[in-house]
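Next come two complexes built around chain A: one with chain B, the other with chain C.
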Partner chain A sequence: MLQKKNLWWLVAFGALGLFPVLVTNPTYTTIGVFTIIFMACATSWNMFSGYSGYIALGSAVFYGSGAYTMALLSIHLHMAAGSELFALVPVGGLVAMVMAVPIGWIALRVRRHTFVVITIAVFFIFQLSAINFGFTGGTSGLNLPFITWGFQNYNTPFYYVGLGLTIFVTLVSALVRRSRFGLQLLAIRDDEDRAMGLGVKVTAVKITGFTMSAFTVGAAGALYAMFVGQIYPQFVFDPMFDVSIALMAFLGGLGTLSGPLLGALILEASQQYLTVTYSNGSLYLILFGALFLVVIIFMPQGIVTFIRDRVSRRAERERAAVAANDAPPSPTTPVEGVAVGGTH
Partner chain B sequence: MATLLAATGISKAFGGLQALNQCSLEVEKGSITGLIGPNGSGKTTLFNVITGYVRPDSGTVSFEGRDITGARPDAVFAMGIGRTFQLTRIFSRITVLENMLIATQHDESWIRGLLRSKSSKTEVDNAMALLDFVGISRLADLQAGALSYGQRKLLELAYVLVADPDVILLDEPAGGVNLTLINQISEKIRQLNAQGKTFLIVEHNMEFVMSLCQNVTVMHQGCHLVTGAPSEVRADPRVLDAYLGGGDDDDDELREAVNNA
Partner chain C sequence: MNTVALLSAAKDGILTGSVYALMATGLTLIFGVMDIINIAQGILVILGAYLSYALQVHWHIDLFVGLLITIPAMFVVGIVIERLFIGRLKGPERTAMSILVTYAVSLLIEGGLNMVFSVNDVQLQGWYVTRSFAIGQVHFGYIYVAGFILAGVLLGALYFMLYRTRFGMSVRASLADQTSAALVGIDVKRVSTITFGVGIAVTAAGGMIYGATNAFNASSSYDLISRLLTIIVLGGMGSLGGAMFAGILMVFVGDMVGVIWSPVWSSLSYFVVLVLVLLWRPQGLFGKQSARIA
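For the complex of A and B:
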């Protein structure tokens, strides 16, 4: 039987699937492509950083690696411009995973704030390399084979591949949460030393999680490169990307499944919309600042966790009300009842 | 009885502080061994050395005759040495039952964790049985962060038991909990000991140590001072000196405890 929760997921993804059918204006479907790319990236980032508590601020390394993989391979393999370039999307993801192993091996030796700083440092190494190496085209970037699909239908295939990536990473993220591996990541988040003392191979688990989360970000970077047709170091290795996907996950709800999707949907769509409507590239920053103040003050756990807590608290109250009507009140709640000798 | 766990000539310095100085300790199979000493005498550091959290400057740790010096905490745990912490450490943002499931993977390779669900029915049944044993099975679905301090102590004991270790190191199991719970905890330790589990217990509560342990080792300033049956240790003048001589803040309390016990 289909559970209610799963039904909601089907409805949500169904709505996302219908978007290009209902909205045909290329201006808005372009926003849709960027949004779906960020939904995939934020979910993928959350799969490691949200579950393990290791806040990585260098995911643009994987995004950029994926983008350059797409650009360099399509150019040097003389691939025809067209849908066969989509075959390079997973390749971009795999290259990002290969990058993630040594980066994770180094960065995951340290904890918390030091880890954040190291991921940022690694990010700048990659950005500077892309600017200065010859094979990346330097600051003039790279031009991919020019795709000549009509203006009207150009966005749709990209949107659906992006949606495929998003569904893929959401499923993986859900499976990770149910697996023993996911439990180990959560244990590391709560108390890494204690987890180690219970036999969790923390280094292996952390590097695996870090590497897995690189895949979809790399694949999304490759999709982005194909979509925009030319890439520049400052746009694919963009510090705003690092911060954005982390903020999306925080806004929606760190460590939840739907949180990063919701956060990306709200932030990326509104950013693109504001940029397009007012042709002002930095207007969104003001809105973001205000929005984050509101979220941090009123729902520091993120939107999804905030709503979930509200709903469960109301259900609890209703249950208590029903119980109070049905049965005489018991002297203690179950929690206190067991705590004999345990409370202080 | 055979020696199960032995630390020989362990030294460890933190900067200029010699936390452990040629310290030795033996735990016999099937025993409940107590480890006492004034604050700062190196008991917890010795625990950390044995369980792999701290690498000693010199000396060896052996378990069942094997040298395990310098092994990582996860490897030490997998060999069958479980421990609890002085400041109780649980995983506060997952449920009590999930806390219990973490230790079940100690004998699996890490890659296996990717391919299986977080628990099997047997594991959940076993976890629930152990929660029942310590008396908190009704709280299984609660976020562990919602537990009281005493419940956390019980949970920490229970989730170490999940992996069925041969020896369990308890760091102040009776610290900061009330009398009813102290009795409950010592009762559980007795039951487990009767089933063949070995215990090494650090504790400041003298009554607790003296009533429970067959053997007591006293540490002082990072050194092993004396080992013997509780009655011998209590009568040993060096033990009184160790507690009275130092400038530790809980000396008065301990002097009284040692005298009265």
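For the complex of A and C:
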């Protein structure tokens, strides 16, 4: 059973790996790079918020920190504009983790509802700082060294680094899910007071989870900065980013392993496609909002959980049917019972 | 620092802050009674402002007279949103889901407003918008004073409704404990729906004043909702007096920072104040610390 499941994962990641080989049109491979970046971010977000139930709406803080790390280091260290820059991707992740410790310490002093709002407030502190401080270049943004490899294969290296991040965070997320630490996060989600009563060091566990989930988002932000070549505060510290990755996880299935990947694949790919095709922002907002509502109202558990429930229910029904056929016929069937009752 | 700047900041804090307090009261009331965080409050303020704008441009209706139409209209909008979407949310993740649902609603409205009114900034007009009078060296814009009075009247009406009527008693009972309220025979569902409507209705008045004192478009809602959320968390979620106090404090601090350092830092100061206060009081200034919080 477990073997079959692992095989599915291999097939899925294999298909993702083949994408740039099969599709060479730069328009679509660009969509691919953005999608893979969001798959990594949504999975990373889910590793803390999905498991612990603490919905964070300020992950753009880490995304932006990673992006600015990439931009500032590559500019000030006068780095050559080639694949060396990929070395800064994990650095972006580490900077994001360093940021996450004090933010987590402050934001996780309160319980869920207030936590959401504090993450939003911290997000605005970062966005406004990036706009107002001098070293970030303000609203005119920063230009990164211009990547020198050719236009035709420009997207491919970014795609594979992004895929590497996605695989990395999926593995970490799977390991966390099975570990004692992951169970502690789930216990916090189910009943924090009881978890505390049973000896879970809730504050330490929450801050650790929050910090771990910052890494991949920061690294993805660094990759994004390198990919697009110039960054602006309003794009790397984007409120839509915060909500999008949360929505991706909800759409796929909050707290599941494959849910955020599926959600990101569906949402980001369709968003990019719609933007390229229609370029009408307002229409897109309406479609996005409507899709969002339909999913939450009709599949509040997310796609993965919805399908899993259906499959297991059907399996149960089949098992019940098989059991009913195998069982010896009961001495009095209900129909006969009714007939007997009718003769009175 | 000079006294005039300090007085001006205090004046702005009280006049503009009370309008924010009015909008935030709707938000904190909805949260307190229903455990719903209404992210759409920001865009609904803008919708209220655009309704006043449409009445003004197409039928030449004065802004304050228009409120007689826009407040009931926004009440109905609130009821419809509650019936269609919010009322369907169930289960332990209800509050988290409400953030996403109301965000989706807000995207729908934002897209719609962009289509109908375009993304160009507009501002509401009236003879009182541009004029002001002075007491000493402190200038008072008529619209700000009118906004303050309007907010005062509506908050007073809200207070009267909550503390002097039978319906208000059921709202406060639901605020305190939904299960017990249901046990003593209160129709919590009906109370929730009406509370949501009332919480949204105040955005019509808040939006009109906001639209007359700021140039706005649909994306102004992001700035608004972040301020409103900051206000209700600072005041203590579910606390009506807290929202009032925090609204005034926020604008006052923002103005002071603008005067002392630079206006670019004033919006940042709200969030810094929030974080500092929460370090000291995680439940907000007037929030209740209960033993078990979900």
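One rule holds in what follows: the second predicted complex is superposed on the first by the 321 of 344 C-alpha atoms of A that agree within 3 Å, B and C clash if a C-alpha of one lies under 4 Å from a C-alpha of the other, contacts with A are read in each partner's own complex, and residues count from 1 in each chain.
The criterion applied here is as follows: a contact is a pair of C-beta atoms (placed from the backbone, for glycine too) under 8 Å apart; a residue touches a chain by one contact, two chains touch by 3 or more.
Since we're looking at a predicted model, the values are computed, not measured.
Asker: State whether A:L88 touches chain B only (first), chain C only (second), both chains, or neither.
Answerer: In the superposed model, A:L88 contacts neither chain B nor chain C.
Asker: Tell me the contact category for A:L198 with respect to chain B and chain C: first, second, both or neither.
Answerer: first
Asker: In the superposed arrangement, which partner chain does A:I297 touch: chain B (first), chain C (second), both, or neither?
Answerer: In the superposition, A:I297 touches chain C alone.
Asker: Once the shared chain is lined up, is A:S179 touching chain B (first), chain C (second), both, or neither of them?
Answerer: first
Asker: For A:A187, is the partner it touches chain B (first), chain C (second), both, or none of the two (neither)?
Answerer: first
Asker: Touch test for A:C41: chain B only (first), chain C only (second), both, or neither?
Answerer: Neither: A:C41 stays clear of chain B and chain C.
Asker: In the superposed view, which residues of chain A touch chain B and also chain C?
Answerer: On chain A, the residues that contact chain B in one structure and chain C in the other are 193.
Asker: Would you tell me which residues of chain C are touching chain A in their complex?
Answerer: Those in contact with chain A are residues 31, 35, 37, 85, 88-91, 93, 95-97, 99-101, 103-108, 110-112, 114-115, 222, 226, 229-230, 232-233, 237, 264-265, 267-268, 270-272, 274-275, 278-279, 282-284, 292-294.
Asker: Give every residue of chain A touching chain B within the complex, in rising order.
Answerer: So the residues of chain A in touch with chain B come to 178-184, 186-187, 189-191, 193-202, 204-205, 208, 334-335, 337-344.
Asker: For the complex, give me every residue of chain B touching chain A.
Answerer: The touching residues are 51, 53, 72-74, 77-78, 83, 85, 89-94, 98, 101-103, 105-108, 110-119, 135-136, 138-139, 142, 146, 148-151, 154, 159-160, 163, 176-181, 184.
Asker: How about chain A: which of its residues touch chain C in the complex?
Answerer: Going through chain A, the ones touching chain C are 53, 55, 57, 106, 109-114, 116-118, 120-122, 124-125, 128-129, 131-132, 193, 239, 243, 246-247, 250, 254, 281-286, 288-290, 292-293, 296-297, 300.
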